[in-house]
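Pasting a structure below so you can have a look.
When the chains are written out, they are named A, B, C and D in that same order, and each has its own residue count from 1.
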Amino acid sequence: MLKKEHVISWLSESFSVLEENRQYLTQLDTAIGDADHGNNMYRGFKKVNEQLPALEGKDIGAVLKAVAMTLISTVGGASGPLYGTFFLQAATKCTGKDELTPQEVSVMFKAGLQGVKMRGKAQPGDKTMIDVLEPATTTLSELVEKGEPLDIAIKEAVSVAMEKLKETIPMIAKKGRASYLGERSKGHQDPGATSSMFILEAFSKAIS
Amino acid sequence: MKKLINNPDDIIKEQLEGMQAAHPDLIKVNFEPYYITRAGGPVKGKVALISGGGSGHEPMHGGFVGHGMLHAACPGEVFTSPTPDQMHLAAKAADGGAGVLNIVKNYTGDVMNFEMAAELAMADGIKVQNIVIDDDIAVKDSLYTAGRRGVGSTVLIEKICGAASEEGYDLQSLSALCRTLNQNGRSMGMALTSCITPANGSPSFDIGDDEMEIGIGIHGEPGIQREKIKTVDEIAEMMTVSILEDAAYSRALKEWDFEKNEWVEREIVDEPFKKGDKVIAFVNSMGGTPVSELYGVYRKVAQVTEKFGVKIVRNLIGPYITALEMQGCSITLMKVDDSMIKLWDAPVKTPGLRWGV
Amino acid sequence: MKKLINNPDDIIKEQLEGMQAAHPDLIKVNFEPYYITRAGGPVKGKVALISGGGSGHEPMHGGFVGHGMLHAACPGEVFTSPTPDQMHLAAKAADGGAGVLNIVKNYTGDVMNFEMAAELAMADGIKVQNIVIDDDIAVKDSLYTAGRRGVGSTVLIEKICGAASEEGYDLQSLSALCRTLNQNGRSMGMALTSCITPANGSPSFDIGDDEMEIGIGIHGEPGIQREKIKTVDEIAEMMTVSILEDAAYSRALKEWDFEKNEWVEREIVDEPFKKGDKVIAFVNSMGGTPVSELYGVYRKVAQVTEKFGVKIVRNLIGPYITALEMQGCSITLMKVDDSMIKLWDAPVKTPGLRWGV
Amino acid sequence: MLKKEHVISWLSESFSVLEENRQYLTQLDTAIGDADHGNNMYRGFKKVNEQLPALEGKDIGAVLKAVAMTLISTVGGASGPLYGTFFLQAATKCTGKDELTPQEVSVMFKAGLQGVKMRGKAQPGDKTMIDVLEPATTTLSELVEKGEPLDIAIKEAVSVAMEKLKETIPMIAKKGRASYLGERSKGHQDPGATSSMFILEAFSKAIS
C-alpha cells in the first residue's frame, strides 16, 4: 500500500534529487535546448517542497492537485504544463484517498502519462520525457497486474526507464526546442526524460 | 559572465523594478506574479492585447505595453515561458469588457501555458482567443519539429494589432488581422556570438572566433547551421533571399472555436512573397550588435528586395526582440496592405517604441 | 573580429548608404565628403544645429538629424574626428540664414577640426559659434589632461537645443542654453568588454573575464581604473554617487568672440548638484549591453538620486551614444529647469530619437 | 640646397614609411589612445602620395600648402589639424621658391613646429609629437647655423629625435587622448611622436 506519507516523501525526495542535479539538467538542456530545464525543475520542486508541511493533513488526491498547481504556476516553459498536467491527471484518480493499492498506483501513473501525452502530443521516440514515462508506466502496471509488490515493480520500472533514458541519446528530437536542431540533436540525452527518471527514482526510494 | 546584474535569481524582479521606476506614466508592474499592464488601467470597450514569453528579449514584450500596442505583458524567467496564472491575472487586469487576444509565440511551452491560461480566463467569463505566431523560416518542417518559431513578426504584429484595438476592432476581427499578419510575415536570424543566461553563467553554445550560426532562434539555442563568418552582404543577401523565396508553408495551428467551445486545429498556409508586394522590413539586433551594423544589413536587404520586385514601404531598425547580449541580427519581411500601413503609422507610446504622440 | 561588415575600409560609406535607404524622409546623406542634413533642406530663419565626431557611436550623431534635433551631422572615420571640410560644407548646406551652432565634444581632434571649420565658414560669411561639451567626470583634471571628455550630455543637449532652435532661439541665446546645459550635466562610463575597431581587428584593450574598466570614454580607450567586476548595484551606486558628489569643476573653454573677432578662452564653472535639483537621468548602453540590464542600472540610479534629494523628472534609457559593440554603460545626470523640460518634451523626429510627432 | 624634387621624394618616402608602419602606429595608439593613428596617417599620406604627380610643376610653397590641405581634409583626429598646420605654416616660408638653402629649410621647420605648438598648446614633456619635432628642429637649426651641410644636420637631428622619441616612453601624457590615462600612460611610446620621427627620417632619406 502507498500511504500518503510515502507521497510526501516522494515529493521531498524529488526535490532533493532535482536540487542536486540542477546544473546537470541545465547542462543537458544547454546542448539541445535553452539552458533552463534544471532551473525550471528546481524552482518548481523547491516551491512544492516548501508546501509539504502544510499538505500533511490532506488526502493523496489533494496533495497531488496542490503539487500540480504549484508546478503549473512556478516551472514555466514546456516542462511546467507537462509535469503540472501529469500531477493534475494523477490527482483525479486519488481524490479522497489516504492510501493507494498497487493497482491504484498503476492507474495513477497511467492517468498522469495520458495527461502528458494529451498536452504535448509527443510519441515514444520523439526524444522527450515520454520516452521515460511511458515504458516505466507500462512496466509498473504489467508487474502490478502480475501481482508483484509495489516496491519490486517500481524498481523494475526504474531500471527499464534507465535503459530507455539512454536510448534518447541517439534519437532525433521531434518535439520541443530540441526538434529545431534536427540531426544535431543526436548524441545528447534528453533533459526532460532525465528529470522524469529522477522523479521515478525518488518514488522508488520513497517506498523502499 | 559579463553582465550588469546582482544575483542572477533577482534579475527579473530588479529589472522590472527599474522599468517601473522609469515609466510610471506608461506601465504598472505587478510583482507577485509578474505582469505588466498599462498605467491607466484597462481600456473600456477595447479588446485587450496581451503577450508574454520568457524574459531576455527586451524590450519585447514588457517594453511594448502602452497606448497603441499591448495592454499587458507577462514576463517569464529568462528564456522560460511564463506560467498560466500570470497570464490569467494579466487577462483579468487588462480586460476592458471586449475580450482578450493573446499573442503567443510558437514555442511548446508558450503555447501550452497560454492555452491553460485562456481556459482559466474563459472560466471567469472573459472571452479569449490565442493566435500563434510562427514566422521563423529557418525551421523548415512542422511535421518533424515543434514548427516554426515565433520571432521578429511578433513585434510588428503587436504594433499593428495594438493600433487596430485602439481603432475598435472586435475580438474576431482583431484575431483575423493577427492571423493574416502572421501569414504575411517571415523572418530569419543569425548569431555571431552566443548569449549567456544569467542562471547558467556560461555561453549557451561554443562558437569559434571565425564562425557564425545561421538560423538561430532567440533563446541562445544553437542554430540550424554553423558556418565560417561571411561578409554582411553575403549574410544579408542569403537571409533576404531565403525569406523572399520561401515556398508556401502549411501547418495546423490551434485556436479556440467559440461555437464548438473547444480548441480546434486550423490548417493555415503562408503564401510566398511575390513581385509587387509591399512590405515592412524589420532589421533587428539580437542585443549585442550595434545599430551601425544593422544599417549595413539594411542596405543589402533594400537592394535584394528591390531586385526581387518587392517594395519596402516602412522599416524598423534596432534591438527590439533580443536574446540577452547575443551579437547577431534577424531580418523580417511582412507583406502589408494600405490599411495595415495606416495601423503601423498610428501613434504608439510605450517604453520601447514610440511615435506620433 | 565578430562584426556584420564587409571590407573595414567601406563601412562608413555602406552604413551611411543603409541609413539613407532607410530614412529618405528624414535625412539626406552627402558622400564626398560625408555629412548628413535634414531631408527638407536648410530651415529658413532658424539657427542650424550641427554636430559631428568619429563614427562608431551610432545613433549619435547622424541618427539625431531631423525635426527638433540636429540640422546636420559630420561622421568621421571610426573613432576619428571628422575633418574641417566636411564640417564647413555641412554648415553651408544647413545654414538657414540665422547662423550655425557647432556642438563639439571635447576631444583634441574634434575641437581643433571644428575650430578650423568655423573659421572657414565665417570666411564665407556664415555666423558660427562652437560650444564644447565636457561632461565626463572620470577625468578629474583639466590642467594635466586634455580636459573632461564630451560624452552622454551631448545627446541630451542635442535634443534640448534642437527644440530651442525650432522655437526660434537666435545664435546667441542658443549658444547660452547649450553652454548652460553643458555646465548642468555630468556623466560617467564603464565597460565590461573592449570594443574592436574594424580597421584594427582586435580588442582595443585586454580585459580579464572577471574585470571591468571604470571611467572609460567612448573610443575603446582604456578607462581610469581597472577593477574586479562588481554587482550592478555597486557599480551604479558608485557612478551615481560620483556624479552627485562631484565638486565644482572649473576650466577654460574656447568660444568665438563676435566683438573681438577671435577665439577667446572662457572660464567656465560647473556647480555641483544640490538637494532639490531636478534632473534628466540618462542611462546609456555602450552598444553591447541590452536594455534589460540598463533597467537594472536605472533602478539603482533612481534609488541613489532619491536618497540624495535630487528629483529625476525625465529619463532616457537605451543605446544612444555607443562605442561600437562594447558592453558597458554610462550614466548622465543633467540639471534642468521647467523651460528645459518643456524643450525636452517638444516633438522630435529623427532616425534615432522620436516622440510627439 | 633642397630642391623641389627632394620635397616630392620626402613626401613619397613619408608615405612609404607610414604605410609600412600603419599597424605599428595603430598598435602604439591602441595602448594609450583609440587605435587609429596608423590608419589616420596612412589615409592622409596615401592621398598626398596620389597627388604628387600633379604637384611636380609647382613651387615648394605650393606643394607644401597642397599637402597641408590634403592632410587637413583626410586625416581627421588630432593629428590631422596638427600635421596640416605644420605643413601650412611651413608652406608660408617657401612661397614661390623652387629650392631652399639650409637656412631656409631650418626656417621652414621652425615655422611648422610653431604652427603645431600654437594649434595644440603642447609643451615638450607632454608626450606628444612636440617631443620629437622640437628637439629635431632645434638640432637642425643649430647645426645649420654652424654651417653644417643639410644632410649632415638632418641626420644628426634624426638621431637626437630618436633619443627623444624613446624618452616619451616613461612620460605621463598631458595632452591628447593619452592624457586621460594619467599614470597608466607611462611605459608606452607616443604614437604621434613616432609618426613625426618617421617623417623626419623620410626627409633625411630624401636628401641623401
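One rule holds for everything that comes next: a contact is a pair of C-beta atoms (placed from the backbone, for glycine too) under 8 Å apart; a residue touches a chain by one contact, two chains touch by 3 or more.
What you see is a predicted model, and the numbers here were worked out from it, not measured in a lab.
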Any chain in contact with subunit B as well as subunit C: none
From subunit C, the most remote chain by mean C-alpha position: A
Approximate Å spacing (C-alpha centroids) for the pair subunit A, subunit D: 76
Gap in Å, rounded to a whole number, between the CA centres of subunit D and subunit C: 31
Cα-centroid distance, subunit B relative to subunit D, in whole angstrom: 56
Interface hub residues of subunit B, defined as touching at least two other chains: none
Chain contact topology (line, ring, star, complete or other): line
Subunit B-facing residues of subunit A, complex: 26, 30, 32-36, 39-40, 43, 72-82, 84, 119-120, 172, 174-177, 179-182, 184
Residues of subunit B defined as touching subunit A within the complex: 33, 54, 76-86, 107-109, 112-113, 115-116, 138-139, 144-146, 149, 197, 199-200, 204-205, 217, 219-222, 224
Residue ranges of subunit B in contact with subunit C within the complex: 2-7, 11, 14-19, 21-22, 55-56, 58-59, 63, 192-193, 209, 212, 229, 231-233, 235-236, 287-299, 302, 315, 317, 319, 322, 324-325, 327, 329, 349, 351-352, 354-357
